[in-house]
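Two complexes are shown next, each including subunit A; its partner changes from subunit B in the first to subunit C in the second.
Right after this comes the complex of A and B.
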């Protein structure tokens, strides 16, 4: 039953890719309008337009968001040395939503005076950039204020994140008053976290950001193992702690910023997925980061499809952020109780 | 006397601390401290709480920089040199190593190879050999697949010692390696440190148990109030007068009949 590390990695990646493939296929096949995947791929209408124009882009979007959030959660847990860390709980998603909102509101204002320049500012790349900048600022804030006498205290950082999220929700609600209704909807979407239908251009920008930052986290995964030992131990094992931590900060923030730009504040994916994956593959980040990224993608595709299908009879669909919060809230509390036990502690 | 330039592969002494001072805020922790440790030598750092022993070891490991004076570790300035270069020549076993994630014994010991490995830390034949050797030296082969949180305190201490050996350093720094261990594990850890020194390493350990230090170390350095107050062979350093003066406790001093190592025992007022 003991496999070599390389065999375990291959097995984890194969299982993860299979899960993503099955989740995307299921999400594409199921919906209000019954379609045949075979017919759609053969070009029959309207099946082909529904598959390629609506369901597949939406499944890809959900996969990108889930991948980014799960990988960022894994990295933040290593940085904070605490299994409760997660982009949403730590306020990183909140910072991204605020950054994106500021760009969007500025674009709406600019559009009033300068027309096309404002519209250009309201497109995907500048909004994504604002979200990434907001995520980085929030990460620095939370990890900075989470220090007591120069030492990072995980509980303090988590509290700062939770308070920051409440602050962000308030600010975005206020900003909603300043913009025309269609932009106000977009801001609301950020607070709730919903996977929708985005243009291929937006998906491409998001995909580049997500895949790039997740690739950086995968490359740093061996260093993440050392970071979990604490700064000084990691340093005596040859790690340039400051440099590596800064890189992980930026990559995790960029992934989160991209995810928020694409789908708003979808919470707890980065908490649930890495925890479950860790139970199966163990704590080695060289397995954990790529496996979490893949299973995070599969998880959010299924959660989004589930949200779409469950409310079909009512003719409505809840934002996927509501589903993940419904699952993640109790999960967080369960983990909190567990980690409060002395022998399971992080000290 | 830094012999970093040309000649033999390793400078002698491997650890060379000269005229070092250090302060925490405005509280002086070390004042004009000098000491050296050579290859093959097991040096014990003794002194009452707050004497500056752990601070001195941290300076040697490069975790802090002295306010004045110089620290040389195999000729390197351990605070200024790249961490990776320092980690290749010096392993540090902290007092209370962290256990954030439940890695296995083998995974933990393999982390000692980090300074010799590339970006993804893929283990080579040499890495596996070093880990196997360290597991064997610390009597951990039968526990290699166990998770750290399933081990006793003594077993865990051996794991961190093994990780340091797997690092294949020239200098091994131990901060209170025997704290919280039962007698058998204390002796086991001191024996492993002696074996490491016999193998050519320079071993420097912060110790609280004077008798264990006297029995196991080649040389003792006594710190008090941030200064070196005595240094030399255990029998010469641990006199009843000096122990009473430094630790403020009257002691009875005798000798181990077989090894000749000094033995000190506090004289208690039993009223």
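Right after this comes the complex of A and C.
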């Protein structure tokens, strides 16, 4: 098939938007309570509240988180020049959870001393900023310690990320012991990775962060192509490698931090989605980044709908992070075996 | 550490646009602070007072007449409604509810994870909720939707953390359901039951007790917990010191504390499991009082028969009088009221005051 680059981009975007639309529609149509779409759109209660007040915001939340994680995963894979890179595996999500937890614990402590100041610190924006800061710190750590003799070694970086994740889980468990039970519940939420019912204000904060940082990654997507050639080649071709890499670092971390602030540590979305999208659209990041972002949104909306429906007979629902890990864990191992074969090039 | 990340002046239109977009996003997120703090803040920031101190919070309009479609988000509150004789008002309960009277009612999720969709689907005119951090996001969302809808319904949030709150709850619930007299009667009856146990314990030697709610890890009732208060009422002394209400307790500390008696309140775990704690001399001696159900820690009317069982276990010498939990002649209904303890079910105890069930 020979299509012009612009036509290919348009096609990928159209397919991605269609997928998001279908996923959101499916997520809105399905749930614990049977509702009539016609009645809901006509404003009849409780159908309207269930559709527009519960299912739609939740689908939007899942879409934002999936979009952020898939775009961040694509960018991190380009930076590390390794298909196994992913915000969760690399510890970037863990750093975000730690950053957010520190803000929450500080808020709990401050609330005891100065009530309203502590409450203000415990609201969505400071927690989100804490998560973003934590994600950036984790990215710096992983990419800094993943260097051997000045060269970035992907395997070393991945190992640093895995160890950092275990460290974060320990630290959050320690913090859980120190705070009142209500706060402990909130902290546990960070580790689970669940899309819940957030207020429109919180979703707006998350949307601004996610859309902003994903837009940065899309704008930089042509440069990501050059980065994957290697630093020297990219520099020879006139790319300011340091500057671009710093921006990609920052944007990918901000996207991950926002996703974690909204839904906790949902793993493997940034691994599954970019890989599947790459198989269809190819390795060109100008297509790959926006398409991954859109299909990531659709993927997590469907995964959350699946989580909501799977255990319906038991009257409960697992966190969506369990669903993505259930799918993503084996997928990671399969990718690992596959990329270990010498004849396979990395993306 | 990483020289490639050193800041440099922006170069090229794309980089500049990218940096600008990011700055814009961060500014926008800071600007959104106001809406994020807005709706239903009353549920988010309770006064810190329990029900007994007037800490119950109404979110949404107070009902004009007696509510007819009540959804209850905690089994202990279901017990209160049943004891008031108002079973016909209930339209939904949690999946943890095990009272036979509500076996056929729709379930709306759990105590920690209520399902807002299922609750809205029942078109309630009142939702009763025991304040708990785990369920807060879902209940807060529910309150926002109720407020925005054309038929707003109230949510009554009840912070139940101690015995006084348990005793005051029927009064508040009866009032909310349009039966203030019945609520008052039930509150008084429960208080009388607790008071009679306290009186009987007063002249007796206070046994030193370790109150176990989980064996692996060992979780015990510490100072400030609901269990600590119940032990005092039942005429016992808690051996656990420290600052946390439900600590994960080092076994060797439990051994060193050398309690005279161990109360095994892990009623939903096999009785034999207590032998994991055989290092504690009292367990080796067989000085273990096993509670037959989790009634005691249900912060509702079942607490009184539970307390009676605890008292008999701690003071067998004083229990030969054959006293039955006597809530008073004016207790309206036997169902779920003191004395009528249904068999234990399999789900973990839902309304554990003070939170922190591991």
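Following the convention adopted for this analysis, the second predicted complex is superposed on the first by the 344 of 347 C-alpha atoms of A that agree within 3 Å, B and C clash if a C-alpha of one lies under 4 Å from a C-alpha of the other, contacts with A are read in each partner's own complex, and residues count from 1 in each chain.
Operating definition for what follows: a contact is a pair of C-beta atoms (placed from the backbone, for glycine too) under 8 Å apart; a residue touches a chain by one contact, two chains touch by 3 or more.
Here the structure is a predicted model, which is why all the values come from computation and not from measurement.
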item	value
Contacts of A:8 with subunit B and subunit C, given as first, second, both or neither	neither
First (subunit B), second (subunit C), both or neither touched by A:240	both
Partner chain(s) touched by A:219 [first = subunit B, second = subunit C, both, neither]	both
Subunit B versus subunit C as contact partner of A:140, first or second or both or neither	second
First (subunit B), second (subunit C), both or neither touched by A:254	second
Touching partner for A:229 - first (subunit B), second (subunit C), both, neither	first
First, second, both or neither for A:33, with subunit B first and subunit C second	second
Touch count on subunit A, higher of subunit B and subunit C	C
Set of subunit A residues, in rising order, touched by both subunit B and subunit C	219, 222, 240-241
Contacting residues of subunit C [partner subunit A, same complex]	1-8, 10-12, 14-15, 17-19, 21-22, 24-26, 28-30, 32-40, 45, 95, 107, 109-110, 112-113, 115-118, 120-121, 123, 132-134, 136-138, 140-141, 144-145, 148-151, 246, 248, 354-356
Interface residues, subunit A side, partner subunit B - complex	2, 5, 81-82, 219, 221-222, 225-226, 228-230, 232-233, 235-241, 278, 282-284, 286, 343, 346-347
Complex interface listing, subunit A residues touching subunit C	31-35, 43, 45-46, 48-50, 53-55, 119-120, 123-125, 128-129, 140, 143-144, 147, 177, 180-186, 196-202, 204-206, 208-209, 211-213, 215-216, 219-220, 222-223, 240-247, 249-251, 254, 314-317
Subunit A-facing residues of subunit B, complex	61-63, 82-84, 86-88, 90-92, 94, 97-98, 100-104, 107, 111-112, 114-115, 117, 119-121, 123, 145, 149, 167
